[in-house]
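I have a structure here, written as structure tokens, and I will follow up with some questions on it.
When the chains are written out, they are named A, B, C, D, E and F in that same order, and each has its own residue count from 1.
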Amino acid sequence: MKRDVVVLLTRAPYGRVHVAEGLRAARGVAAGFDRHDVTVVYTEDAAFAARAAVDRERLTMTDHIVDLHEENGTMVADRRALDARNIDPAEIATDIAVRDGDAIAELVRTADHTLDF
Amino acid sequence: MKRDVVVLLTRAPYGRVHVAEGLRAARGVAAGFDRHDVTVVYTEDAAFAARAAVDRERLTMTDHIVDLHEENGTMVADRRALDARNIDPAEIATDIAVRDGDAIAELVRTADHTLDF
Amino acid sequence: MIYLIDKPHADVGLRTAATDADARVVLIQDGVLLDPDLDAPTYAVESDVTVRGVDLSSNIKPIGYDRLVELLFEQGVRSFV
Amino acid sequence: MIYLIDKPHADVGLRTAATDADARVVLIQDGVLLDPDLDAPTYAVESDVTVRGVDLSSNIKPIGYDRLVELLFEQGVRSFV
Amino acid sequence: MTELGIVLTGGPFDSQRWRTAYEIGRAALNEGREVTYFLYLDGTLVPVVDQSFPACADGGLFDELPAEKFRSLVAAGATVICCGLCVDARGIDAESAYPAGVEVGLLPDLADMLGEADRVVSL
Amino acid sequence: MTELGIVLTGGPFDSQRWRTAYEIGRAALNEGREVTYFLYLDGTLVPVVDQSFPACADGGLFDELPAEKFRSLVAAGATVICCGLCVDARGIDAESAYPAGVEVGLLPDLADMLGEADRVVSL
């Protein structure tokens, strides 16, 4: 059955595989038999990974994101997480939409399933 | 050469092996050829492990602590970490001395080596 | 909806729960060390409470895994663990 | 003394450094995302800064591993990583 | 079919998540539910055989080792799938390191699990 | 003799500590220092052979896998000792899983390292 799936990225991007491997999972889930609708949320310390300044290539994010876009997956950043880390929304990469905390909560609440990384 | 070694326990006690295995390391270091002087510091979330209310047996702490005492190792809890977690010093086990933050800092600063767990 | 809340991700979990009128919060693992300020009915996994020697606030009820699983099938689940 | 500071244990590391008149702080790993309020000379591991795309405050100097190792032999080291 | 899906990314000694995954799955199996595990990242280290840890207090976290607990889940009918790429990354030799019944799969298995499962717990 | 001791408790995919341990040790070896590693807890998963992870960007964290990096440290003269109890707990078969030069030891080796080393970095 096709599902609304929210993938929460929560960890800082470098040094552990969670952001890159969370994106790989998101892409894999979007490309599966049911072609689930996937939204990736950059929250908590993963907010740092949503910045345009990170080196996506060295963080092994690029290919996963290209594939995710091809599967119509979307990416959003949690404004509350940005604010808590003094990250200006203007710093966020252009393929990631900044949404306020309540919108993020609604996304998470109304999804069929959520996965945390 | 005999050393002053400070073992910093920093993680909450249940669910990960760091407190128990940090105590095992402390005991092992105190019992080694040089018979190092070992002080175990319960700081950050390991402050929870210093409470009398934890079940040391189930947390696999008991044997390591018995051996540590036999090797003249000592254990102290960081008052700053307690305060940050609303832990009353009266809750701390009687074989762990509560020391204020500056005393902890001095212990760490003046040791020959420190290990973090 | 059941919200499983552990310490490292408590912030995003609790603020999501706060927007859900039907939320039930279940503190789990190190989450039982938290004392969240929420209107929602709040539980804490009993074995996690016991081994940590935690005195629960009177508004937090212990819960076993059997009941937790019943609830998550009845109401759905979000985990922040 | 060199204090290696990463994010999860920054609190105990930085307050120890604050009591040491000869402290030099080296931000390392996710520690480069911090902007500590300290009098001590402060460095950040350059490769950790670069990959994270961090703009360092003007009072924080980049440092390579070679220089870091020289310094830790000269002055001693405490790690909070 | 899967009624409860459990995704586990934590390893055996670095967090309690493997044990929570076990306890929740065990309770669901006791209720007669179909349970599928997808072990991802360090979760693939959990069911590795020949774990031996003397310091296993009665009633403690390691009263039985993670691999034993997961072997008993398989025996009780749970499906356990490990992400093959994660297995390879960690140098795990699946042939010799996993007990019978622990499968190596890929992300399409995770996608299928999300499609089938009524509930998913992510740990 | 050991001039620099490095204690590593972090695994290969869950934090950057293995890489920091490598970089600091490598710099010390380049200076002609004697370096000893004591791998404890999940640190014992770092030098496991046959790791394979396709997503290794040039200049990224996994441009070479952890085991390769540690093999090169051994080749450069570093001593690498793994805690035997931690090895057993994780079901690691030291015979087949560790490359030549990676030793299995016990806590007295850590005690000796602390006695000898001028500097110790704990990661």
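The rule is simple: a contact is a pair of C-beta atoms (placed from the backbone, for glycine too) under 8 Å apart; a residue touches a chain by one contact, two chains touch by 3 or more.
The model shown is predicted, which means the values in this text are computed figures rather than measured ones.
S.K.: How short can a path of touching chains from chain A to chain E be, counted in steps?
M.R.: Minimum step count, chain A to chain E: 1.
S.K.: Among all the other chains, which ones are in touch with both chain B and chain F?
M.R.: Under the touch definition, chain B and chain F have D, E as mutual neighbours.
S.K.: Averaging each chain's C-alpha atoms to get its centre, pick out the one most distant from chain A.
M.R.: B
S.K.: Centroid of chain A to centroid of chain F, CA atoms only: how many Å?
M.R.: Whole-Å distance between the two chain centres: 33.
S.K.: Find the geometric centre of each of chain A and chain D from their Cα atoms only, then give the gap between the two centres in Å, rounded to an integer.
M.R.: Inter-chain centre distance comes to 30 Å.
S.K.: Could you state the distance in Å from the CA-based centre of chain C to that of chain E?
M.R.: Centre separation, chain C to chain E: 23 Å.
S.K.: Need the CA-centroid distance for the pair chain D / chain E, whole Å please.
M.R.: About 39 Å separates the centre of chain D from that of chain E.
S.K.: Going by the contact rule already set, what residues in chain D reach two or more other chains?
M.R.: 29-30, 48, 79, 81
S.K.: In chain A, what residues contact two or more other chains?
M.R.: Touching at least two other chains: 14-15, 17, 24, 58-59, 114, 116.
S.K.: Using the touch rule from the top of the page, what residues of chain E touch 2 or more other chains?
M.R.: 13-17, 41, 120, 122-123
S.K.: Dump the list of chain pairs that touch, please.
M.R.: By the stated definition, chains touch in these pairs: A-C, A-D, A-E, A-F, B-C, B-D, B-E, B-F, C-E, D-F, E-F.
S.K.: Could you please specify the touching residues of chain C with respect to chain E in the complex?
M.R.: 4, 28-30, 47-48, 64-66, 68-70, 72-73, 76-77, 79, 81
S.K.: Which chain B residues qualify as touching chain C in the complex?
M.R.: Those in contact with chain C are residues 12-15, 45, 48, 51-55, 58-59, 85.
S.K.: Under the stated contact criterion, what part of chain F meets chain A in this complex?
M.R.: So the residues of chain F touching chain A come out as 13-17, 19, 55-62.
S.K.: Going by the contact rule set out above, which residues of chain D touch chain B in the complex?
M.R.: Going through chain D, the ones touching chain B are 1, 8-9, 11-12, 15-16, 18-20, 78-81.
S.K.: What residues of chain A sit close enough to touch chain F in their complex?
M.R.: Result: residues 14-17, 20, 24, 57-60, 63 of chain A touch chain F.
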